[in-house]
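Have a look at the structure below, then the notes.
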Amino acid sequence: MHNVVLHEADSAPNTQHAALLQVEDLKMYFPIRKGLLQRKVGEVKAVDGVSFALRPGETLSLVGESGCGKTTTGRSIVRAYKQPPSAGRILFRGDNGHVADLARLSDAEMKPYRKAVQMVFQDPFASLNPRMTVRDIVGEPLRVNGMAQGRELEARVAELLHRVKLPPEFMSRYPHAFSGGQRQRIGIARALATNPRLVVADEAVSALDVSVQAQILNLMQDLQAELGLTYLFVAHNLSVVRYISDRVAVMYVGRVVELAETSKLFAMPRHPYTEALLANVPRPDPRARRSRIVLQGEVPDPANPPSGCHFHPRCPYAKERCRVEIPVLRELASGHHVACHFAEELTLRGVDTSAVAGASP
Amino acid sequence: MDVARNLPNGMQPALPADVAEELAALEREDASGRAVATASQWKLMWWRFRKHTLAKVSLAVLGFLFLVAIFADAIAPYDPTVTQSNRTYAPPQPIYIIENGRLTWPFALGLKSTIDAESLRRMYVLDHEQRIDMGLFVQGEPYRLLGLFETNTRLFGASNGAQQVSVLGSDRLGRDLFSRMVHATRISLSIGLAAVFVSLLLGVTLGGISGYVGGRVDMVIQRVVEFIDAIPSLPLWMGLSAAIPLTWPPLWVYFAITLVLSLLGWTGMARVVRGRFLAMREEDFVMAARVSGSGERRIIFRHMLPSFVSHIIASLTLTIPGRILGETSLSFLGLGLKEPIISYGVLLQDAQNIRAVATAPWLIVPALVVVVIVIAYNFLGDGLRDAADPYA
Amino acid sequence: MNDLLLEVENLQTHFFLDDGLVKAVDGVHLHIRRGRTLAVVGESGCGKSIMARSLLQIVTPPGKIVGGAIRYHRGPGDVVNLLDYDRKGPEMRAFRGREAAMIFQEPMASLSPVYTIGNQIVESFRLHFKVSKAEARTVAIEMLRKVGIPRPEARFDAYPHQLSGGMRQRAMIAMALICQPNLLIADEPTTALDVTTQAQILELLQKLQAELEMAVVMITHDLGVVAEMADDVAVMYLGQVVEQGSVDDIFYNPQHPYTRGLLASIPRLEGATRARLAAIPGTVPHPYARPGGCPFHTRCRERIINRLDMCKTEAPPLVQVGAEHHARCWLHHNQGVELSSEAVQLASLPLTTTGGH
């Protein structure tokens, strides 16, 4: 097993003794193959040097638009792909205090860590095997990890269903008998089966209707408090992120461009992309209609990203330097990391929270 | 802060009223209909399949034919290999159940034969004087039922064992055509199944490896599949079966032909399996199983395979008629099964020339049965294909 | 006030499925006015998309419009009921594309992959106007420029797959608006898009609406989009409009418990960090198991519970609660209010029964 000591000096953002997870310069490239001989003709740099740390018990959100690499980052961390990450380290602190680099573990070596690192999927319909009963779905992690069998397994599944507020009597049903929200509860119960410490929630509420989305968000918050879970919450909806996360990392074309505490990031964004994202979210408040900062162009193809700062072709503040030099993610203020050459000089607009203090019920 | 959070473990609050009510509604919904909620995929498929009338009828037809095949010895009234020179090309003897406008015990009429002086052919007319009563479970030639029990009870026949009734006539050597067809059903249906089974093994193994491993291996297997697909099948079949030594015993020939038929037929299956594997590899629930800690073997056999077993069955069903037709064509051309094995192809060999068909038109009845079998398999396969994915 | 364009009355679209009857649209009343945007909002399965398709009679079997009227006010005194026309007939074909157009969430629903976008736009123009190809080409290029496609002369000959998602969306809008229709129906036009692209398309739609003075029916599940775009709002639940009014009425003075619940359950950008949301309990019932009475009663927090249990047994009528503001709820009905305030013992009330159970 690859046990690595955490080097505090070279650790990227948020040097923390007790970090549960520390991702360092993570890269995930997917080859593009073409032709009869399946020759590699290029690479999609889905994740291109991402670093962040997760403290025990917190929720960190990865946000961004399609193709920004947020989902790939989440999946690479739980080692959901058959191929290991292309580069970088995923340092996970186990229960005994040992730190393992999940990025380098073989499938067999990864197995003990699967119990501790779990995942909730986006699509409540595709992520549950339609041919298995709820008992088999929720019980699968227990069975394959040799944690419970027979009666004991059934009792544990019942307890898990109770936790996600589904009646245990439903365990002999198949997924088709449940609504989207109920299926997502089943998915959460499965993720919790092995008493994980880290749960990666990959767009866990994006596919749900608003009224149900709120139920699931509340449930996830309750479970976090009850079980002391740490969440890596992957999402594209900034409003949802606001509710659930302690800190937010904004990604753009495979890189983190800004990482800060939620309220700071929303109130005072330091990266022009974050500003644009916040400004473009449609607000459910007709009297607050305002002039949008409409960005030009669209998110670039990660197989062929622009030079320098990936955001420069769309950035209203871009200068020559942005075209040639890749900005590094640096700590601008305590805990506020930005990857922009001109972060100090720009005055960016965030979300004004004072005006609507009482509006939200 | 929610109060519920502070409760000690094991003292979870009761189900919220709203959730309970909604679930109660779900319960009612089930009670009114079928137990959909706990229905496995096979049950759901069956419910879907039931809506397909043609497929259901075809299933019944095939079921009947398989019964015939299994109990061929008992159903055939006569030994299919016994030749009778006095019954060469004897016409069918219809069974009557109405006599003088009244329902009566089924009977047939005897045959009177004369030799035509000019052509030296035997000519037959129904002998209205000679009434032959039919019977169920009559005594006939002894045989072994299912190859086990010695008996001489036949399902039906002339009550008097000394008389003969050929309901579908006789062939060139005076053998009872109906009995021969009953035995041919056994060979033709089983060779279709056996050939498809061998294709299935080859197709699932190679297709599965191709789809699951991917990369170079996939490329090589796919090229092989394309190469085999590019070979015209009939000439190759002919070549391969011509290579079967004439000295081989009939049973060996039977297996050799099965192998010939399936060696070319697995490619379609391999494509289906590969495609399913490729699609399945990307499924979220497969990724979820991996994240749960499931090993590759469990992922393949517990998650991936069950997801497309039904598709495999459906496409298998659609390939069986091809195999049956393959055997029939080979035997028809004299390259497949040979006497004393009886298959529909072997029977149709007798109907090869126009003179034989003109003299004894009943010799093409086996072709009609082949058509029925092929159509039934196709309808059944269609029904299965529609029902194969009950979650779509 | 002669700005009424389309008057929908008691529209009913049902789906006749093997497993039963689904009343996808069940008695919808709507007024669509010239130059204004009506947003139809609701969760999945509420029938909003089917309703939109019914307006153009493009519902395909097993779906069928079984009742109601759609009155189209072509001009002063010139009113026709579109449902009098055959859905495949020439009048309806002339209406679609020329007078009313539709755009979809997925641009490839209306763009063919085998023709260039220019070709398709020209075709839809020449279907309704007798002009030469060259003239149509000029109009089409002008339209492409208007929807913000850069270098339209070059893009005219591009195939849909050669364009990015946002550009395809623009090409679809150009095709829909080439005949300058009076009515544009937009079915979740920005749902599949990224936030920054969504903002571009929403802005484009607003600009084009002002320019062409058309009415827009915007089908969406996103209350943020509604707030940004709509003048009027109709909230749908299980095939019925449960509340309709001006955008201000709906957002600042919601009267139906479902609208209130929806507004409370959406996360807001300005909200508190690490807070709980006020979720609506339960889920939208399955269309086969539609509750009797008020279809929302199973999830309603403000349900009137008394001996009559009318929310459960009687379908509520559409009640006027403001100048142009209606809600389908017993809470606002005289009878309902009286019944709930007194502890009623009457068993024989002259209520009109509408719903089946």
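Of note:
Each chain gets a letter, A, B and C, in the order it is written, and its residues are counted from 1.
Quick note on the criterion: contacts are C-beta pairs under 8 Å (C-beta built on N, C-alpha and C of every residue); 3 or more make two chains touch, one makes a residue touch a chain.
Every value quoted in this text rests on a predicted model; they were computed, and no experiment measured them.
For chain pairs A-B and A-C, the one joined by more C-beta pairs in contact is A-C. Chain centres here are C-alpha means, and the one lying farthest from chain A is B. Put simply, the C-alpha centre of chain A and that of chain B have 53 angstrom between them. Once the centre of each chain is set as its mean CA position, chain A and chain C turn out to be 34 Å apart. Shared interface positions of chain B, i.e. residues touching 2 or more other chains, are given as 2, 16, 19, 26.
Counting partners per residue, chain C has 276, 281, 283, 286, 299 as the residues that reach two or more other chains. Looking at chain A, one finds that none of its residues touch two or more other chains. Against chain A, the residues of chain C that register as touching in their complex are 43-44, 164-167, 194-200, 202-203, 221-228, 230, 247-248, 251-252, 261-281, 283-284, 286, 299. On the chain B side of its complex with chain A, the touching residues are 2, 4-5, 12, 15-16, 19-20, 23, 26, 30, 36-41, 44, 215-216, 219, 283-285, 287-296, 298, 303, 306-307, 391. By the touch criterion given at the top, residues 36-38, 75, 78-80, 82, 107, 111, 114-115, 118-119, 121-123, 126-131, 133, 140-141, 144-145, 162-163, 165-167, 170, 172-174, 176-177, 187, 190, 193-194, 222, 225-226 of chain A touch chain B in their complex.
Per the touch definition, chain A reaches chain C in the complex via residues 65-66, 179-182, 209-215, 217-218, 221, 236-240, 242-246, 262-263, 266, 276-289, 292, 294-295, 298-299, 314, 351-353, 355-356, 359-361.
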